[in-house]
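So, here come the structures, one by one.
Shared between the two complexes below is chain A, which has chain B as its partner in the first and chain C in the second.
Moving on, here comes the complex of A and B:
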């Protein structure tokens, strides 16, 4: 049964003034755009990448002539549906897809949402999109906790290694170690091996036996268990040694990575002294989970719940006209993002018509959403970094990569100068003041300061040229 | 047995390569590759030194968030190698420090 009303209603919005602007063309943004467009909403999809798909469906550039890109992907059929749906809506003039548009701010001006972007890759030319509603589908980025040697060339985030492989068809080296914690590590290890890297070890700090505590949740998600089994089979096929309840405690090398030290963790999750051994490798793909991009939501004044954008049942934030979907509302992967995006799109279409969406119209994605949120809450509970990781960061280990602030400076700010939060540490040490604006060091600084990771309240989501900021409001464009 | 490579995995038939220079050395780039991918494919893993201690850096996050992979492209410093696609004839340089005083 289809509830599409394609072509039967007057579009809400025009190409110049869309009913809906969707920020981000990953799974959540695409699902939102397609659901809204199918119900007569004129949509502008604004995305930083040259092509739709987001990080999850990142594909080799056309010039690379990949005839079998699905070899790097899971859920490729879903991508084909999204891709074809987007193409059909673009063809029909219902969706405008703005690629290479880096959104740095969204503001609300007398009921209208104003999206400010910079045209890439130079990111100097400003572009403005006005819409009646906005869906924030800005995704997330990887969290990496510091350890000695983590700034050496050859040490990359697990997601970064995957992105470079999916998009550029390149590997970080010949021999890789994949380490950290979380559901991303297995697909990254299998992907690197399938592409020809020797994966010397997969080092996961979590204890999978901890999932036993969540047996009911696992039993409710046979698909997720099967997915895990599939990756496990991939690990076995490529003869990748898996070390659970272990951690990479140091990376070695001078100008580039040469080896890592792996150590066992005891039952409390602490490094077991004397258990260390060295693994020669020229690349380390490391990650400790993910964090949502919430800058645009914060500037709009949307309420956050911890580090996530808070949304209601319809994926609405507490700011009128602003919806959020996908990782930005809580890390949970592509399938959850698709469900949330679809709900957001359906809700936007109804609300722009001044009516509430029929709960039955989104019962199925809502069901998926409830299940997967529960599943990823369990994952979050199990996949934690080693206990005491903050204490183990050596004094001379850089915490802030941009401003080159060592752990000793952060400790001094906390222990001697009384800093108790990330912001005060930043003011005292410059940690978090550099190019990345604390996205990389935030969790580590919070760990050292003994406070929870909090959103940073950045005025802009990315660096903006002064000339763009200096322009008078109303001045073109 | 032919070794596995990313190109073979996806059965790639790339368009003909073009050249760019990296620190005056000519390197071949496949159309569509970012500068970071082009450098990785010839084994170059770092192309920036930090302005404090002069540490070497390259790709870290790979998706434009961390700004560790900055370099100078056609005279413009602070370009993220993981985002910027290489164009024929690009003059790419290692970035020392802020990239504004070399």
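Moving on, here comes the complex of A and C:
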């Protein structure tokens, strides 16, 4: 590790160009960094991982000597373009890539954006990056709703299973069930099967017939339909039984997962009596969609639209100098993130030059963005958790794993103690006060309290040592 | 909707003070309805540290109310199941002075408090570490206040509401009071909500920071204003901070009239493990935006007081608004301008501690008993009405 990775980094560097800091080196962040750097902006790319790529382009560590994951081959070429582009810009001195930098806060101080990070993996040493503009490309995280038995070893998130496959070439088990709802389930099931696991069932709670309501949207996205068909072919090839309008209602096992109970859902999403059956398995990959990381944006004072960071046509937030792109502005996958990141990078380059970007300069990504946002709005509409899921959480089922808060405590807070919202439940039960700060249990608590999921305020995007917080930026310890 | 309720008293605001008011009113035999536009403890209560303090109060009416409240808190904590469920800890406060001048001032302050009934024990520099093994070296000395205690404020409010309901009170959350109903002669006859009217000859204004707005609905002025504060919360730790520990300049900040940012380190451990760090004071209206500079000052102050905290991580920070009145005393008691209107608000940063005394006094005046304390200093009409030129 060289000394220039420590202390204050000026993206302007030796040039007079205004600087951009991009937070997150996934598809959106990379696209933004490359688009801006190609137009002469000095860019600092700040990312928590040891290598660029984010969750989507996660790859096995070099030492594992793995070959490319075949299932993602068409996106692999995009990745190679991004990787080579990044390398060229780093070589030319236009991009500084700060790896293992965990951003805990971004503040705006007399028009300058100050990015506060901790150097990993210990996350004790502070690094400050100052820039005239910042692109928040912090991605999303998985939503998992609890059910009896979900804390058993062997139960993993769908994204976690995929990360294990992509990053470590490890299988979470020999016989897997993939369950929940959303577009992630199919690639996870196919990926697990391709890696040698027996996938006993893919259990999707949504009703694909609901897509009929969105037929026009589907017809407008033959690429997305083809992608789905590709995975469907993969499911067939691996003889994976697909059960739509079904849910895993319980996981069984003593020390670890041994089986799950699958049940059919009626048109209201309720469990159909007598439809339950047991599926033996040693791993369950479960996911219910994704939520955006909005902590940095919220602390900067950016307006949110529901759970997403609100942006304009150029991906600008309502805070001057702050752009956002990718999942943080709405869940929509890698292709949408690339389009949004590119628009953000082009806009930053123009705005730092005190001019508006030519709309024609980003017409193509804007077109892609419009289509995919429409498509994922339809997906979001169809892939909602089934009605009654909150009622099926057993009283003794842990809802908050960090603080070990069972569903009964949440129910008592709502029914007996006058809570009606996630914040009051948190204060009364400690659900959401632990290490993950409610990222995991937030949707479940909201479901039990009967209120919508709203973003919690987390001024610190990750825990920060008080000794670091106490120091003025740039001040030595 | 034509739902209509009738009761003896409507308490507006299900924070700590409203909860205590409903509890003591119900135990005094009144039928009470507690209403709040949000959940229980949704305002200042849910954003506080839960201090029950005498140490920061100079002799006078607020200290008298704090001493009464402290006794009532101890009584409540002695009831079955209460102490544990509200995380009541009679842990004592330790005020420390950095230098000899500060210590002299602190000693003088403590002497005056002693004469008003406060237990205050001088602690020499050499003894500080027997009380607080991790406190910074080189401090001049301090004063220990054994009567200082702490509760978890949201739990305390919710549990007191639960006790009030056991005593016959009822709770309506998510009910916004849109009007204070009055008779032709001007007396209170209840409140209007979107879910129906609640008829009662008495209304208690326990709306905290929004107490001024509720007073305005009843046609009177009460100049309650917000004073913003941040609290830092650390990762859970084994107990290393035993008392509530703060620097002597905190007392000056509490009593200050300045609108500018003031921070003085206040550090305390909690039953659940995290250490809470306050206290900042700013008059910035209801601005909910996060301020890194304020939390930076809090962290700097806390690490000066407890150097080991430099290695401890802050997990989160929250902010709240203390409801204050210009003379830093709450409004407690009947409003002579509107028969049937009672106030129990404006406790600034001391509302959790002062809630029990306030609720007890309110219940006494509601039932025509002589209150244990003279309410004259807390009169709600002690401020001049805003002149017409200044607007409403």
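As a working rule, the second predicted complex is superposed on the first by the 447 of 477 C-alpha atoms of A that agree within 3 Å, B and C clash if a C-alpha of one lies under 4 Å from a C-alpha of the other, contacts with A are read in each partner's own complex, and residues count from 1 in each chain.
Everything below uses one rule, namely that a residue touches a chain if its C-beta (ideal position, glycine included) is under 8 Å from a C-beta of that chain, and two chains touch if they have at least 3 such contacts.
Being a predicted model, the structure only gives us computed values, none of them experimental.
Once chain A is used to superpose the two complexes, chain B occupies space next to chain C without a clash.
Looking at the shared chain after the overlay, A:141 reaches chain B, while chain C stays out of its contact range.
For the combined arrangement built by superposing the two complexes, chain A sits at the apex of an angle of 90 degrees to chain B and chain C, based on C-alpha centres and given in steps of 10.
In the superposition on chain A, contact of A:436 is made with chain B only, not with chain C.
Of the two partner chains, chain C is the only one that A:467 touches; chain B does not reach it.
More residues of chain A lie in touch with B than with the remaining chain of the pair chain B and chain C. Applying the stated contact rule after C-alpha superposition, one finds that A:252 touches neither chain B nor chain C.
Legend: residue contacts after superposition of the two complexes on their common chain; A:423 is shown touching chain C, with no touch to chain B. In the superposed pair of complexes, A:83 makes contact with neither chain B nor chain C. Once chain A of one complex is fitted onto chain A of the other, the partner contacts of A:165 are limited to chain B, with no touch recorded for chain C.
The overlay of the two complexes leaves chain B and chain C separated by a minimum Cα distance of 8 Å. Overlap of the chain B and chain C interfaces on chain A comprises residues 435.
Contacts from chain B toward chain A in the complex involve residues 3-15, 30-34, 36-38, 40-41, 45-46, 50-53, 55-68, 70, 76, 78-79, 82-85. Remark: chain C residues 14, 36, 38-42, 46, 154-155, 158-159, 161-162, 171, 173-174, 232, 234-235, 272, 274, 277, 289-290, 292, 295-296, 299-300, 302-303, 309-318 touch chain A in the complex. Contacts from chain A toward chain C in the complex involve residues 105, 107, 116, 299, 301, 413, 416-421, 423-424, 427-428, 430, 433, 435, 437, 457-460, 463-467, 469-472.
Contact residues on chain A toward chain B in their complex (touch as defined above): 48, 50, 55, 60-69, 71-72, 120-122, 141-142, 151, 153-157, 159-165, 167-173, 194-196, 255-256, 401-404, 434-436, 439-440.
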